[in-house]
């Protein structure tokens, strides 16, 4: 969203009339946000119960896209709003937006946490200030051993419980050496734990960035899966602060969204937030 | 109801001056991110210089926590999340954590804090956590918050957190009657739960409705009246955060805050202009110049 | 309610139209149920939050009577229904009745338990299969030491938490030696505990029966307070299975409801359930 | 929603035969006292001879528990409350407890059982109880249910109960769409909570509504669809208990049951006449002769 975009407060409205964002050019380029949403969508399965937290623009688009294509029985728990199966009309930047209440049900937020921590979800979307080779994510703070905090993040929020929420899909909107580090300064979300390796807990299944798609090997090391169009292996390695494992053969190019997927993503997103977000 | 029933409707200044001790043991503010945060009550607390020994920041605190911390009114914050979602990190909280050590921070998580609040509400002395937390840095970082017991059913070590009963909760409902029966017109976030759990609840609303309307639609009452110590009617009281069905959040103003508060001086002048100087909510609204308030005062069904 | 009373199922109705019970003679005698309701009402204070469980016909009438007379700021939590401040129009025999949803709010039942156990209520109404000299109540079972169950009751329900719910008002609709025993076979509701004597916990404050009103001495022994009209001290002692403490002077006669109180009770109770219940 | 979304609407016989194992680990039935009990589902389970190793009876079980126990389909009952409120005690449960020892009874209480269910829902291994329970006979009667830990915050001994995650919950909503989004038109009792907590939920409804109606009023949805394994439409499915807004409980029939079930023979003939013999709900309704069913089939808004 551009900085000179000036929304006004929304007037009182009935539940089926929502805040309108200014329209964007739906004939424009395929953006990184579109590619990331489509990749995440493909990782979702029919019947999955998918939960997301704050700042979940791309995951929300991905989950709704999956619902409208290959996963009609997927359930979306739209973060702070408590909305269940929001129609995502339109895609809104804040997880607690009223737009997410064009939905089938609205849970109290403690109930969302309960379902997540109680193991009633299949997929959890997560991010972090730092992500390391083992898939650990840090949303608390960075700092050195003497206790000096160099960057105070928001806090660990719901990340500690990702392993109870099924497959974690980790995503970031910037791929740099500051984000992808050898070892996080603080573990908010445990990555490749022993329990994950044994298959008894969930854990990071996929990592999606503006440059590429990664996963974890069985040994719990982050590995390149595919490069987004126009991105080279060098781009990724230069911007990754640890030795990234590589696939046995040359990494393929991440598939673009199909024309139908792109049409749906643009329809859900009249303000082209997916273009602006990355 | 009998005609001699006592109203709980108070003006905001009276509510805060009479119901919030000058030094309050602990505070939990309702809403999440840029939604449903009772900002008018928070600004009034700051204006009156109320101090809070402990602030619980979960599930997702934002402007309220950042202003209170920046204004130096919080001694200790138990942090699950303080931030501004897609708009960025919390500038005053950052400064407090990165530059000075004036505030004590207990590193926690939103799930454990909500379970602690739930334990408090039920009168349980502590809450047992699901397995997994031991794999995070939290248990090492906050050993007095996360403690251990032995599971008497199978001998496993379990982490637990002590029950939390906030002394004061500030909550926003879209509507309420004068007896404190609050109605959420959109998401309830963790606010119904918080309102049932806290020792004292002050409720801020957009509009007062008749008790007869509450009696006609009791299933829509989000918080029963006896839990509210006072009901305070304020126009646009959540601004710059949203009030579902009434108005969206004001991201222009939130960005203005984030930009200003990036420096200590900027924070001080924001605090002065929008919190300390305004004599009331109307004055505050006049100072917010990017909104056409008149266009959105329509009644909500 | 007489046995040949035949209600039909209620048709779908809007929230302000309720099931009508056949009317009863509002000019009839002052019944024991009226006296018990008025006595309980007098024990309630303005501002009290009053919670009741199953089978709470008399407590519900008492709480609403108090609200309409001396305690306009009293709050009623009407048991299973979750109704808060039901108008009691009309008084219904089951705590979960839809009639109790003519109210200001409707809580989920776990929330009612939470408020009760969390100490957010001031008065709790309780009963029992057996009640003993110390005010202990038994709702589980009676039986002998060898483990043989002689009368299986429903179970302890919410009674164990009475001491967390403020002042307990114990009531029964039959006063016999089977009910009032030296020592209960099973403690569902702890009566005069050490904590109660020290004032740090709630506990039984008043016991109301069809014959009399009782309380507990500071030493935790049940004591006669007043005799209902027409009841003699001998009636009470013959029907009480332990040595009942007596007041220093002769026990007074329980006050009858005032004409205004009686009018209200009869208005709330068109089916005269308060006449039938005792 | 996509047109190829799978419906969860099933006929009652199929729902029970395919979704209820012949021997089910544990069962929790919704409703309280004579309200909102999914009796048609319970009768179908009995008809198909489904067995339940453990039945959780709380906050207030009544006819469903008594029939299942009397029919010999329950091995172990964890009892908070089984009774008929103002109508009397539970006759089959009484007989099982007083006369034979065929059933194992764990003496418990409704508060602890709801906390155990809540712990299960959150993935907590156990729930700590508020102080006071140690003053009751419960902790001596049921030492394996009520266990002790030491409070790590102050060293006090605390009683705890193990988390409960019922294998199966049977729940009644007044309405639902075909995807399982259930709507309570009156009290939710503990049923929303149970529906969020159990491993598998079968939902019984009076009527199916369009998904469009659910989308229009999402705040009234009591249970989100993904928690329901199946939705079963049955007319008067709670009879003889009530379904708020639809019909009251049938106290004539409940008294008929209590009178019959006072003896083992009477119980058997009631079971035969009203549970085993009826080929379906319509047949059941024909056998209940004290009701003018036609007078009360009006639609509820």
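We just call them A, B, C and D in the order they show up, numbering each chain from 1.
To be clear about the criterion, a residue touches a chain if its C-beta (ideal position, glycine included) is under 8 Å from a C-beta of that chain, and two chains touch if they have at least 3 such contacts.
These numbers come from a predicted model, not from an experiment.
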item	value
Taking each chain's C-alpha mean as its centre, the one farthest from chain A	C
Mean-CA-position distance for chain C and chain B (Å)	39
Chain centre separation in whole Å, for chain D relative to chain C (CA means)	27
CA centroid of chain A to CA centroid of chain C, Å	55
Sequence positions of chain B contacting 2 or more other chains	118, 122-123, 130, 186, 219
Multi-partner residues of chain A (each touching 2 or more other chains)	83, 101, 106, 113, 117-118, 164
Arrangement of touching chains [line / ring / star / complete / other]	other
Contact pairs between chains, per stated definition	A-B, A-D, B-C, B-D, C-D
Parts of chain D lying in touch with chain B, wherever the complex brings them together	115, 118-119, 122-131, 147-154, 156, 158, 160, 162, 186, 219-220
Residues of chain B that touch chain A when the two form their complex	32-36, 57-60, 79-83, 85-86, 89-90, 93-94, 96-98, 107-112, 114, 118, 130, 132-133, 135-138, 141, 186-190, 192-193, 236, 239, 242, 244-252, 255, 290-292, 295-296, 298-301
Residue numbers on chain A that touch chain B, as the complex places them	3, 6-14, 19, 54-55, 57, 80-83, 93-98, 101, 106, 108-110, 113, 116-118, 140-141, 149-161, 163-164, 186-190, 193, 195, 201, 277
Chain D partner contacts - residues on chain A that touch it in the complex	15-16, 49, 67-68, 72-73, 75, 83-85, 87, 101-107, 111, 113-115, 117-120, 164
Contact set on chain D toward chain A in their complex	1-6, 120-123, 177, 179, 181, 196-197, 211, 214-219, 221, 223-227
